[in-house]
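Okay, handing you the structure first.
A, B and C label the chains in the order they appear, each numbered from 1.
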Amino acid sequence: MSDPGAGLGLGKDLVGLEPLGREQILGILDTAEPFKEISERQIKKVPVLRGQTIVNLFFEPSTRTRISFEFAEKRLSADTVNISSSGSSVEKGETLVDTARNLEAMRINMVVVRHGSSGAAGFLADRIPSNVINAGDGQHEHPTQALLDLLTIRDRFGSIEGRRVCIVGDILHSRVARSNIWGLLKCGAEVAVCGPRTLIPAGIGDLGVRVLRRVEEAIEWGDVLYVLRLQLERMKGGYVASLREYNRVFGVSSERLRLASDDLIVLHPGPMNRGVEIDSDVADGERSVILPQVTNGVAVRMAVLYLLAGGQPELAETAKGGVA
Amino acid sequence: MKRPVLLVGGRVVDPSQSIDEPRDVLVLGGRIEAVERGLAGPDEAERIDVSGLVVAPGLIDVHVHLREPGGEHKETIRSGALAAAAGGFTTVWAMPNTDPPLDDPAAVGFVRQEARAWARRGEGGARVSPVGAASRGLAGERMTEIGGLVEAGAVAVTDDGYPIADPALMRRLLEYTQTFGIPVLQHAEDRALSAGGVMNEGAVATALGLRGIPNVSEAAVVARDVYLAELTGGHLHVQHVSTREAVESIERARERGAPVTAEATPHHLTLTEDAVRGYRTDAKMNPPLRTERDRIAVREALIAGVIEMIATDHAPHHYEEKEREFDDAPFGIVGLETALGVCIRELVEPGDLPLSGLVDRMSCAPARAMGIEGGSLRPGRPADIVVFDPGEPWTVDPARFLSRSRNTPFAGERLTGRVRRTIVGGQTRYVGS
Amino acid sequence: MPTDPARIRSLLDESATLALLGRLAADIDAAVQPDERLVLVGIRRRGDSIATEIARGLAERRGPVPTGSLDITLYRDDFAQVGALPRIGTTNIPEDISDAHVIIVDDVLYTGRTIRAALNELADFGRARRIGLCVLVDRGGRQLPIQPDYAGRVVDVPDGHEVSVRVSDLDGAWGVDLVRKESDGDGQ
């Protein structure tokens, strides 16, 4: 069983970036650096979490995030178990509380959870002694995604402080946007959002974020363009008339990027709707750091798992004297 | 034959007679006999010493969910009536969104009979009056047989938890109910605007990633209904006012003399959307807790009398149903046993409303506005009395509620004002410990 | 971390330390055949600074010797006790070590657990033909069957003390000290 209070004072769980401080977030990014190197080795494995059991509890389908977590877990030599469950607990017939109790009874060390309801990760974290890592809960937060985004921005610019980052797309339904807003603001970036007004949530300005009306403004203003995926369901909800309309007005194209400064970079959390929110030549072009995001994703997740799985920094200092 | 009761040494607060001074109260044959100083009752009278306590007309709550038939794990007519008495209430109006709903005379009659049966066995609490459904099945399409419901005991009609959405239907209801002199109670919500919403729309909902219900969902329907009340002359009662915009509509209605009454809940007077932070399902209700601006507007309207009365919207839910992801938890909180304590702490203690004003809002005004026999200690009236200590501090422990449910945001809170005795029709139905 | 100077006793000053490092370089050069591919791997921190200094001594005799650094944090066997150490250094092995003669370099050899971790980690980089161990100070107290091939100085460490090696790039100067550990009676 794992002890709370990892070296950065993260506590037992990673539920979101909103509760974290700047030092903690930067500390996680620093911890991720050496893990990048491990993924470059021939034998991409270190024994540090050997014997720990990690459950990937995914109530929403997700291939990319789950695989990224699985790579991270296996490269740390942990044993992984994947549990997929679709539908709400009401449909399934087993409540989230019961799921939590079953996991506790199985003495699982860590749970990585993705769920369709905002607050579900925190709900689980409050009820089981295992470490809980939020892999996306409803529209609330997706902290490891934002951390890998921050790392990617830092890799390119050297620091996040003072950078102008604009998130473009469906902000209303995006947990990735929310986590990024918290992380970027705490690390000193200037943050803006841009998208159809129907998809900009109420009170977003109160979070410290400016709202840009047109994507051209965002391109001229920013150092970083973070492009969100537009989901088909938004058409059904009447937020946008069609994918074509969205692309016409907000699509990130090479044409529009001519307005950009030379060092503007483009991020995307994936999977991409090529030709909708982002054109192929942009996704595959020089400004795109989408593939480095994926690489950083495994390193960041390894760092988070490592930091949460152990946690008594005072012991570490005294132990150094004896382990030589 | 009921034994006479003499309440000695208390401070009688009865706004209906403009009394706020030490007086004794004599109850004979289930009715108020006299309210004077130095009363000497008949020898066989039960003498109850209420020195240091307030004696007032029993509280009246026109918005309570008793869940029976169909939801007995949350509350029953009996447990709800007892919880009401523990809260100082002597009359409550039971909402029709039960299973089956109270949309036919048999269902309405069942509720009335059930409450009376418990009372006859000596295990009753507050009086329970059923409110009939306004539309069949609460579907919002066709009017129920309101005459039949009234005969069976219905005192009003509503589709609460749902709005009466169709303006044509609302018009017919406001017209037709005039035959019986009963109000139409409206849960004002535009479900197209509130669709999927689980809390107030705004910065807090955005940070939490929860879908919001905008103020206009309530305000637009209230504005429309006020015009319909004016057009038809029917009695519109606006339930659980939560927005400053609805307050404005009600104020204007008042100025134009439209037949509109309104209620506010203790939680909308006290809490805001910030109570939801941490995904607390005990702060999830419909209409949701709003911003501070809205809270202040509702509070000031209640103090000024623009909103005449307080009603709890007591909505019991079983622990397991609230112990869920926020999206999936049902709306509503209990309120009968905390109402007086919250209102004294929030309104009387800071000096914004005198105690007599609070008694008016919780007893006299609902009686007056809704045509309920009660809300007064005038001799000849039924002896529905609440005795309470207006200054006693106490901490809310939901485990000690008489209600079957525990879903309250006030758990662990210190409230001011505690019920000591509740008398219905001359019989003590609750004694506080 | 600032230590009360009253608790420090110098065992080797800078010139003595450098002389010792020079002797270790000579010993290694003598033991390793000229045609063997030699690689030094220093254990962070300080082991790598020592490896660099020894490599300089070797370069005078046999030409440049590739030198790498190894961070063993993720291979420690005491993770459950000490938990996550946020400051993990980077491991940098510049050469393919397969079939090479690798010499692990560290400042102080004590229980042997660090060396065990280093051996495990090196195994993930390839199969060396031969692995040797060079330490500046051997203080005894082994908990595993691990012995140095090249040891600068054997030091007897009394209870309540530890050996501290200083390297010029991290600590400003070379040196080896005996440090009395803080005890409870040392005042607030």
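Note that a residue touches a chain if its C-beta (ideal position, glycine included) is under 8 Å from a C-beta of that chain, and two chains touch if they have at least 3 such contacts.
Predicted model only: the values in this text are computed from it and were never measured.
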| item | value |
| --- | --- |
| Relative to chain B, chain with the most remote C-alpha centre | C |
| Distance-to-centre winner among chains (Cα means, whole assembly as reference) | A |
| Length of the line joining the C-alpha centres of chain A and chain C, rounded to whole Å | 39 |
| Separation of mean Cα positions, chain C and chain B [Å, integer] | 78 |
| Chain centre separation in whole Å, for chain B relative to chain A (CA means) | 46 |
| For the chain A and chain C complex, residues of the former touching the latter | 3, 6-8, 27, 30-31, 33-35, 37-38, 41-43, 45-49, 306-313, 315-316, 319, 321-324 |
| Chain A-touching residues of chain C, taken from the complex the two chains share | 71, 73-76, 78-92, 106, 108-111, 113-114, 120-121, 124-126, 139, 162, 181 |
| Residue numbers on chain A that touch chain B, as the complex places them | 18, 88-90, 95-97, 115-120, 122-123, 137-141, 175, 178, 201-204, 206-207 |
| Of chain B, residues touching chain A in the complex | 201-210, 212, 214, 278-279, 320, 323-328 |
